Amino acid sequence: MSEGFLSSEWLRLILGLLIVLGFSQLNALFLVWLERKVAGHIQLRPGPMEVGPHGLLQTIMDGIKLIGKELILPLQADKKLFFVAPVLVFMPVLVGFLVLPFGPNMVIHEMNVGVLLIFAFSTFTVLAILAGGWASNNKYALLGAVRSVAQNIAYEIPLLLAVMSVVIMVNSLSFSDIVNAQRTVWFIFLQPVAGLIYLISATAETNRAPFDIPEAESELVAGFHTEYSGMGFGLFFLAEYTNMFIVSAVATSLFFGGWNGPFGISLGIPGVFWFLFKTYVLIFVIMWVRWTFPRIRFDQLMNFSWKVMIPVSLANLVVTAIVLKLI
Amino acid sequence: MSYLKDIYYGGLSLVEGMAVTFRRLFRPLVTVQYPRKKIPLFSAFRGHTELKIFEDTGTHKCIACGQCEKVCPSNVIQVQGKKEQPKGPKVGTHYVIDFSKCSLCGLCIEICPTDTLQFSKEYQLVGVTQSDCVIDLMARLARQVEEKKTQAIAA
Amino acid sequence: MKVQEIERVILEKLPDTIFKRDETGKTGSSWSAVVAASGIRDAAKAFETSGFFLEDIMALDFQDTFELVYHFNCYEPGSRVVVRVLFGHDQVPPSICDIFRGAGWLEREVHDFFGISFSGNPDLRPLLLPEDADYHPLRKDFGKVSAYRKREDIYG
Amino acid sequence: MAERQIASPASQKIYSLNLGPQHPSTHGVLRILLDLDGEFIVKADPVIGYGHRGHEKMGENRIYKQFLPNTSRMDYLSGMIFNHGFALAVEKLIGIEVPERAKYIRVIASELNRISSHLLWFGTYLMDLGGFTPFLYAFDDREHILDILDSVSGSRLTYSYCRFGGVCRDVDAAFIDMTRAFLKRMAGRWADYDNLVTKNIIFINRTRDVGIIDRELSRQYGVTGPNLRACGIGYDVRKAEPYEVYDRFDFEVPTGSKGDALDRYDVRFKEMQQSCRIIDQALDHLPGGPYLSKVPQKLVPPKGEVYFAFESARGLTAYYLVSDGSTSPYRCHIRVPSFGNLNVLNEVLPETMVADAISILGSIDVVIPEIDR
């Protein structure tokens, strides 16, 4: 027993879990701060400045405030579902961390179907949103939840098709294999269309502007989390940012070479820093997009997915397959 | 063809928009961190009204004629005065405004026959009760006169 | 000019209309007409067909009469037309909300403030006042009033 | 398990949604009762009156001078223009001469106010559409206008700057410099706004063919201002019945063609540029002399009435004053443009989506306290 417990696989899992728990929380808090700073500077204002140096501790204070707040249960809400939903939205996000390749040999659990696992679990998010929106007994929340389901189904398809084109190039569903295949040339140069489609769909998957129609502040007040207060809202909030990290990290692994430096030049910097650097740059781009564009209308969003994204990604997949066969 | 064209020009317009926001990232900020930094007020600034201190008399020139009281659209002002000598002119002794009702239109200042009213430069007006908005201008004037005196002594 | 045209049309339909031209432009309207309460629908129809829009409806409360003031205008310089309707405090003028669709709300507002009901307006719920308001604040017998006059005191 | 009711029962396809009065994008306190079929609106019923303060009754109980501060509180976004209009109405009623310099100052102040109102509309409209950043850019620009107006009137929103017979404070060289600097600044801003918003494909898709108010509908509901001009009718009170000194300036009345939200956006945008032109010309020809004519303290207008129409930022606005020869008006009525502009929603909203409803409501630019009065 003790031998099994101390075996490297177990140790790795438990250590990894602890690190993931700590990292995901800190990372989410940092991202909230970063978002506010990016938004601020784009809008010619400094963002949070008062708590800590350059407001670094602001989000921690916000978190404490949220924990201290009352959880309000709306009248006639489905109590169980209402409280389960925020937990449900956070859990699949944590699972994603299990298979992310932070660096060579820095995977918590090496899996030969890592890509599949992440996308399988990321679908859970929409379930949680639907549950939360439904349980709130609020028409705005319900509208947001319904929108979210439609949107996620529409964007899952191009997302997976884009990922497919990478997978058939490597012939593996393991992250490490995919990253290793990009040692010299990143897949974004070989698969620019798939990369772009992945980024757009991923933004939509995470409900970020300009695809934030499930929460659509000016239309649906706060969408599916209209009725959430305190840490219920906090968990939705943290999940959004952790989700953003996951999709950016996946994009880094699939298209931007993971822990590899550009064109095989690593400059002596450890792979994990390359990985994190690229991930944060992608996150910055997602934030930058959010603070630039207005929101897309619901039907246009669906049209864009079914009429542009899916045909283009399908065509891309076919072309990739043909080219691979010819080579 | 137009399908691809639409996608291309649509995408281009998005990139142009992102260029605008990216440039702004490096522009100087316009925010003034308020309690630490303050913007100077314009000379025309309208705070609540106050009584002017005239250099020649060292005090106000209110004659309690009540014209400001009458012209005020929202009954903000209460003035009382008394005659110091039996045949002499009236002098204002009591001037209270209820700032919560004031709309800062300036009619009282324009109508004042002795020009003894002016807008103050007071803008940090915080109170927790409604009565905090009631300002006794005579007491305020007395304070200001006192301050002036101590300043003069210090100088 | 649409104004001359409308004058002719209205005179055809309502021969006893009293016209007053304002050449000086002192009142802000180029001419005004007094129409009987029963004739306002005909007048409004004439305005509608000749391309005018309804700028405003408002009411005046006098001791001896109510006065409804309709402002019509078309998109040409200096063509504002005022149509006045005089009727007693107990009378009910006809609604023109089926001729000008925007008139419905204007009539509701007048109903709010003066208690004038328009016959034929299906929706006279209070617009600006609370839903349960049963008072009419712009009537001269409501609240603080400086004067309650007869119409000839002002218009001679 | 307890019985739950979320939407209306399944047998009923249509459910109602209460949009407002506390909703992020209902601009003030507007409430719209929407009957929805899915996301589509079946029936819309705007409910107004939450901000009713009885300005018309107040007008009857106050002397003319005392009503001045009220005027800028109706449409608080173009308070200067409302001030200006009321001063003009009373001057016309009594027959007060206004010095040339005051006329030019008033025009400059009104046009600055018009730009600031349109800028605020631009910002909030983009916010309604989900774009947060243009809002702050617009407010950055608007801040400069508020500074200019603050430097001359002492207030930033409710100015009470105009007086019968002029304005209450003369402008100085600093004001002229600030205004010139602002015009120069704005000249460089249009391209940025174009790149960020006007050309943006998402924005165009959100506004093109959305909420079409055509000529017939505008006429039926008495829609005026930029909303009317967007459907191709170049009716502007500043051109049709020139008041003050507007007939001396060279400016155009921009018009659209279809009357959809994009046209309304375009018209307002071009209007800001035209206002800049007017200000530029007015500054060039700003005469010297007094800024306030001698007016008796006690104003007693003759018996009679005046209907004074002027163009506020939202359209044709008019003061209707009936004087009975005493110091306060017998009747004081204000024709507000937003009234007609909002009324038309009854017909425009059905068969659009909730997201479009927000877009339409934003694009017609209503100020609810102006309607409520």
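To keep things simple, chains are lettered A, B, C and D as they appear, and every chain counts its residues starting from 1.
The criterion applied here is as follows: a contact is a pair of C-beta atoms (placed from the backbone, for glycine too) under 8 Å apart; a residue touches a chain by one contact, two chains touch by 3 or more.
No experiment lies behind these values; they were computed from the predicted model shown.
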Which chain has its C-alpha centre closest to the mean of all protein C-alpha atoms shown? D
Most remote chain relative to chain D, going by C-alpha centroids? A
Here the gap between chain C and chain D, centre to centre from mean Cα coordinates and rounded to Å, is 25
Between chain A and chain B, the Cα-mean centres are separated in Å by 50
Where the CA atoms of chain B average out and where those of chain C average out, how many Å apart are those spots? 43
So what's the Cα centroid distance for chain B and chain D, whole Å? 26
Within chain B, the set of residues that touch 2 or more other chains is 14, 17, 20-21, 24, 30
Contacts with 2+ other chains: residues of chain A: 42-45, 291-293
Two-or-more-chain contact residues of chain C, please, as numbers and ranges. none
Which chains are in touch, pair by pair? A-B, A-D, B-D, C-D
In the complex, the residues of chain D that touch chain B are 62, 65-70, 73, 133, 137, 140, 143, 147, 150-155, 158, 160, 163, 168-169, 192, 195-197, 199-202, 297
Taking the complex as given, what residues does chain A use to touch chain D? 39, 42-45, 76, 78, 134, 137, 139-140, 142-143, 209-210, 212-213, 216-221, 291-300
Please give the residue numbers of chain C that touch chain D in the complex, ascending. 26-29, 51-56, 58, 60, 69, 71, 73, 75-78, 80, 82, 100-102, 104-106, 109, 113, 126-130, 137-138, 143-147, 149, 153-156
Complex interface listing, chain B residues touching chain D: 9-11, 13-14, 16-17, 19-21, 24, 30, 42-46, 71-73, 103-107, 110-111, 119
Which of the residues in chain D come into contact with chain A in the complex? 2, 4-7, 15, 17, 23-25, 39, 126-133, 136-137, 140, 196-197, 200, 202-203, 205-206, 353-356, 358-359
